[in-house]
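Next come two complexes, and both contain subunit A; in the first it sits with subunit B, in the second with subunit C.
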Partner chain A sequence: MKQLRRYLFGLAGVAALLIAGCGSTTSTTTSSTAPKDITIGTLYAGSGSYATSSLPELAGLKFWMSQVNKDGGVFVKAYNKKIPVKLVDYNDQSDPNTAQTLYTQLITQDKVNILVSDFGSVLTSVAVPIAQEHKMVLFDPTGTGASFFTPTNPYIVLTGLPTSAVWPDNLAKYLLAQNFKKVAIVYAENDFDQSQDETLTTQLKAGGVTPVYNQGVPTTTSNYDVIIHNIAATNPDAVLELGYPNNDIAFLQNLAASGQHFGFLFTIFPGQLFSLLEQNVGAKTLTDTYTYPTPPLLAYNSGVNYGMTISQFTQAFQSANGSAPNFLDIAGYNTGLAIQKTLETAKSLSQLDLRAAAGKIHMFTLDGDFTINKEGAQMGETLPVGQIQASGSGLKTVIVFPSSVATGTAVH
Partner chain B sequence: MLRRRWVDAVVVVVVVLAFVLAPQAYSNETLLFQMMVYIALSQGVNILYGFTGYLPFGYVGFFGIGAYGASLLMLHLNWPPILALLGGGAIAVLLGLVLSPLLRLSGAYFAIASLAASQAVYLIVSNPALQNVTYGPYGIQLVSQFNPTLSYYVMVVILALTVAVVLYIRRSRFGTALQAMRDDPVSAAMAGVPVVRQRTFAWMISAGIAGLVGGAFAWQTSVFYPDAVFSLSISIFAIVFTLFGGAGTLLGPLFGSVVLYGMYNTIGISDPQYFQLIYGLLIILLVLFLPDGAASLLKRRGSHVL
Partner chain C sequence: MLYALIAGVLFGLYYALIGLGLNLTFGVLRMVNLAHGDFVMIGGFAAVTAFSAWHLHPLWSLVLVAVLIFAVGIALYYVLVPRIAATKDPEMISLVLFFGLSQVIEALAVMRFGNNTQSIYEPVFGKAPVSILGQPFPAVWVVSGLVSLLALLLVYLYLYRTRIGYSTRAVMASREEAEVSGISVHKVSAIAFAIGLGLAAAAGALAPFMLGGITPDLGVGLTITAFAVIVLGSLGNPVGTVAGGLIYGIALMLMQTYLPSWSALLPYLLLLLVLLVKPSGLFGRQVRSA
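Up next, the complex of A and B:
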């Protein structure tokens, strides 16, 4: 009997631990009176494969928050007053399963007013059903997976880039305009890159060009040596490598080491994380390559009607953080602007009113035109084609296509 | 005998009640769900490692194939979720059967080979050439089937079944045979234990548990990419939780999962910057001072740990 009692005590202990191990609940804010602050909940990857992209995005959001709080807070139409903004942020360590738990934590325990997802499609994907289940609008800075945006989900707003399948529209047109007949594509096997590959191949084929090489590789690929030689064997006019930053870095490093040279070479992330790429692959390797230029390389100074211009932002961000901003800093800041505009126009803090207000936003920020469609996908921004060219002792990015936004011509 | 059965029933009821009642005290059901996932997975590892001595680093392969199997049955054949989930478990068992020749290896060779097998499954599932079948790198969308409440309670049932299976193994001749094989396979074979058959059976039970859990995870998550269900961290967590609590017991992995996963979340939420340091130190201390897990503390004092 003693033994039995010991078992039962042990089990009771485990059950108690179970409850205790989960932490404690927090109090609910009533909505009848103005809250003392607007809480924004977000996740960031402090380590792991998405850290280099996620941390700048968080820095941009924090910068926006510091700017509005310096001014007394964000204007909330529902209460006709400015209310300070408070950030609750957790580290998901680039792990989607941890992110899943932490998104729920932000909604159910911290009871945040606004939910912002982490960088990219993988870490955003798990937030989409959770936000929908809890009827919370998900402000999504860079999760561009097309499957997130459906007519049945009114709880998502893509604040930054268009869905990834739309990205290569201008690139495909440019390749056809250049009359390239032999195009080689290597892409990382993930939603973001494969959807771009599909758009490219469809548009190229419609223009009479079938890629001579079109190969997927695991996203974890870190050695492209064999692939580069296989591509070179097809004698291509243009080579496109579609990957995440780590893929682009590995490809460009391997290419430099291989001694091969391609007349037209396109990679994605020099246009977003220029310093990171330059630091890892060197200016010489990047020279004359092509990319999608995004702010700050794509400098929106005129026409900005909400928030800072790119010059103002670059200066203010540098003085606050000690380093020049990259695209993801801007994406984080731009998400803050989208939240700000939403709160300024929403008639209440209810999530559906917030979503309705976000759907009516038409503004031109340092990140370009902000317009979302009914599904919440970003439609305003488009990605031109740019070439990184030598300029004195450094590099500059010249937009070469489309002609309406071109700042120069390509150097071959 | 009767008292043992009574104790077993109490154990299952306590586990079920704890997770049925926990959402009343703590509303982050995702965390509770994931805790159940890791308890069940650590029990699956326990069946294999604790009872046969085979450490499956690639255990996540069964979890992933269960998640994909269940999802694809829902998407392609329109199976109802619970049936699809059982199908996911069956597919994992089938994979276990296919991979059963790995059991010819032992020690580190088996651990590495099982890891390689799980990666192979991952690469097949995420291969763009199979996009029409597995959706390749685009991942899975089960939005129309999404039902977090029902999937939570189904997970409670899977956990209860897992606990019951481990209890059965501990009490049965089968479990005794497994432990005899773990300690000395040659002697066990000479004593008439069908070593290969029993070991394969344990391997398939373990695979089936991971498959069922993977199916429930897929249903609960509803939107995921292949990386999320084939992440090596899932195997590592299940193994560490098992080792921390004490392999070869029921309460050890249960205790390990609740304490360590609870800690993982508590530290991850309150002090994420110290998380890896604290977790790393804890594992070092465990390896140095409690290589047989927390259960060994009680065993040293002469207590019997269930």
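Up next, the complex of A and C:
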């Protein structure tokens, strides 16, 4: 009898444990109920050298949020329902050290569902290891440094642009097709520009052209006069200046003041921040120079199968924000679209499921073809070569290469 | 090589102009104005705004903004400096206070002008380059060099040919002795402080051409470079600033020619070199002893 009582007590204990286990199962079920909102954490540069590019990128992301929230939120497949999106954003003041702390705060304190990096490679470079360490997918709009994308890091998705190492593909082909033998390159020393320089020199050398001038300068360089003089001394057929917007402005200003003229001149940011460059260096200096045209200069209206077309976006953005969008507004919006598509297809909100879903996305947006490779690098949105040409009293950008997307021919 | 040397002289004169005001302030007040570069930035935005709004030539803006900021400097001195001087550790307090002032000015500039780079692209100083020893230089560089030389000459005449200048040098040598001998130290210091800020703003009017545009965050970097220039020439010795500026300018241009990747390190390398080899600076007789 005593034994039976002990046995019964034992059973009761097991039952109690099972009930407790059920309780814990219940709590798991509770935790997997749909959250009140999907939190997106990001940083922006409210001041400093990257503010010019970072603030429009944030504006584009906010515009996407306002659009989906107006519609009841973003559809989340894991819960089979629409959930509103909430933004948690902090100002890193263009300082990578501050950004480092704030990225960690977004993950560990705010516990955001989705992490989005700030503009460009410099402010993204600090986010990459933090996201990887915390096993959090980093949605990266414009940090295109080739070194971010490695087989050992499954926690990154580049949404707005191809990796910078891919950018100059068409440019290198165009330079070789033009039979330029003397090419001069000056690049700012950061992941973004350095990786472009490496691609360019490799491809040019493969085509039998060794640059006559190939020098890196600090990204903070604000005076290129002596450098321009040194480049001119090599008598180049083509000059490529690879930098951030402030580098391009300083270079083009110094070139105009120096009285030098290069037959083929390429800079990056007129294709992304056309108004800013025009305001600072003038239409005359930009005329006949070359750049990478990006949306809205590159107008994707047909074939878009996800989100707005470029015309629809331009109109809606302008009426919401009072100003015409530039490329970085589009990059911010496109990042929103990538997040939206990921949530629509991911089977759960776990970070690896999100990453797996992002890897399967095939869509054509206002920013072009969205396809990422195994390392998370964007491969679809290739950049053509464009030339800024005089048009009546203003300027227009003509795509001159490759011929499959060309809208005109180059003027020399 | 010749081009880099001449460019270095012209650019160095411009940096001497930026550093001159900072050194004058330090020489008289024994305080480093960490907001000095922000007054250069204010001068730059003033020139850009005056040009875009009224098409005012930047040289007129330079004169106007120098006078205006001089007046602001007098007021700022009497609001800030006597209070700092009355504290237990005025040097440390001044560092913190001027750093705070720098942050406030930068934030206000962001609110007023936004974050985008602003500049003047029209060839207001002439379209054709100017030839020096057969080398073509942007006209604005030559104008900037001449303006800097003129400003340096005026400061020299002020210090060595005027009564108030004698008093200023007396205060630079010893505040206590100057006070005992009946010199109005506050009046002399206020004028020197205001001249320092006026010179910074004057340099700022040329910054859109010399520094590739103006942004609100320009100040901190400029203060660091100006500090390197004046340490090179000798802290507290305005004449040494010219030598400091020239060495910095020539070294920068030679670096850009032969080792461009290293050019951003130059101010810090020069600072280290001076501190290791001749801590009192090249013209270091009047270096502070504290």
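A few remarks follow.
Note that the second predicted complex is superposed on the first by the 381 of 412 C-alpha atoms of A that agree within 3 Å, B and C clash if a C-alpha of one lies under 4 Å from a C-alpha of the other, contacts with A are read in each partner's own complex, and residues count from 1 in each chain.
Just so it is clear, a residue touches a chain if its C-beta (ideal position, glycine included) is under 8 Å from a C-beta of that chain, and two chains touch if they have at least 3 such contacts.
Computed from a predicted structure; not experimentally measured.
Once the two complexes are overlaid on the shared chain, A:D95 sits against subunit B while remaining clear of subunit C. In the overlay built on the shared chain, the residue A:Q315 is in contact with neither subunit B nor subunit C.
Applying the stated contact rule after C-alpha superposition, one finds that A:N246 touches subunit C and leaves subunit B untouched. In the superposed pair of complexes, A:E189 makes contact with subunit B and with subunit C alike. By the touch criterion stated above, A:A257 is placed in contact with subunit C alone, subunit B being left untouched.
Counting the residues of subunit A that each partner touches, subunit B and subunit C differ, and the larger count belongs to B.
Judged by the touch definition given at the top, the superposed model places A:S147 against subunit B, while subunit C stays out of reach. By the touch criterion defined above, A:N69 reaches neither subunit B nor subunit C.
Of the two partner chains placed by the overlay, only subunit B lies in contact with A:V128; subunit C stays clear of it.
Once chain A of one complex is fitted onto chain A of the other, the partner contacts of A:P218 extend to both subunit B and subunit C.
46-47, 189, 216, 218 are the residues of subunit A that lie in the contact sets of both subunit B and subunit C, per the superposition on chain A. The residues of subunit A lying in touch with subunit B in their complex are 3-4, 6-8, 10-12, 14-15, 17-25, 46-47, 90-91, 93, 95-98, 100-105, 108-109, 121-122, 125-126, 128-130, 132-133, 145, 147-148, 150, 152-153, 189-191, 193-195, 216, 218-219.
Contacts from subunit A toward subunit C in the complex involve residues 45-49, 51-52, 55, 94, 186, 189, 215-218, 220-227, 229-230, 245-246, 249-251, 253-254, 256-259, 276, 279-282, 285. Subunit C contributes residues 3-4, 7, 11, 106-107, 110, 115-119, 121-123, 127-129, 136-141, 209-213, 215-217, 221, 253, 256-257, 260-261, 263-264 to its touches with subunit A in the complex.
Considering their complex, residues 3, 6-7, 10-11, 14-15, 17-19, 22, 25-32, 34-35, 123, 126-128, 136-139, 141, 143, 146, 148, 221-225, 227-228, 231, 233-234, 251, 254-255, 258-259, 261-263, 265-266, 268-269, 272-273, 275-276, 303-304, 306 of subunit B touch subunit A.
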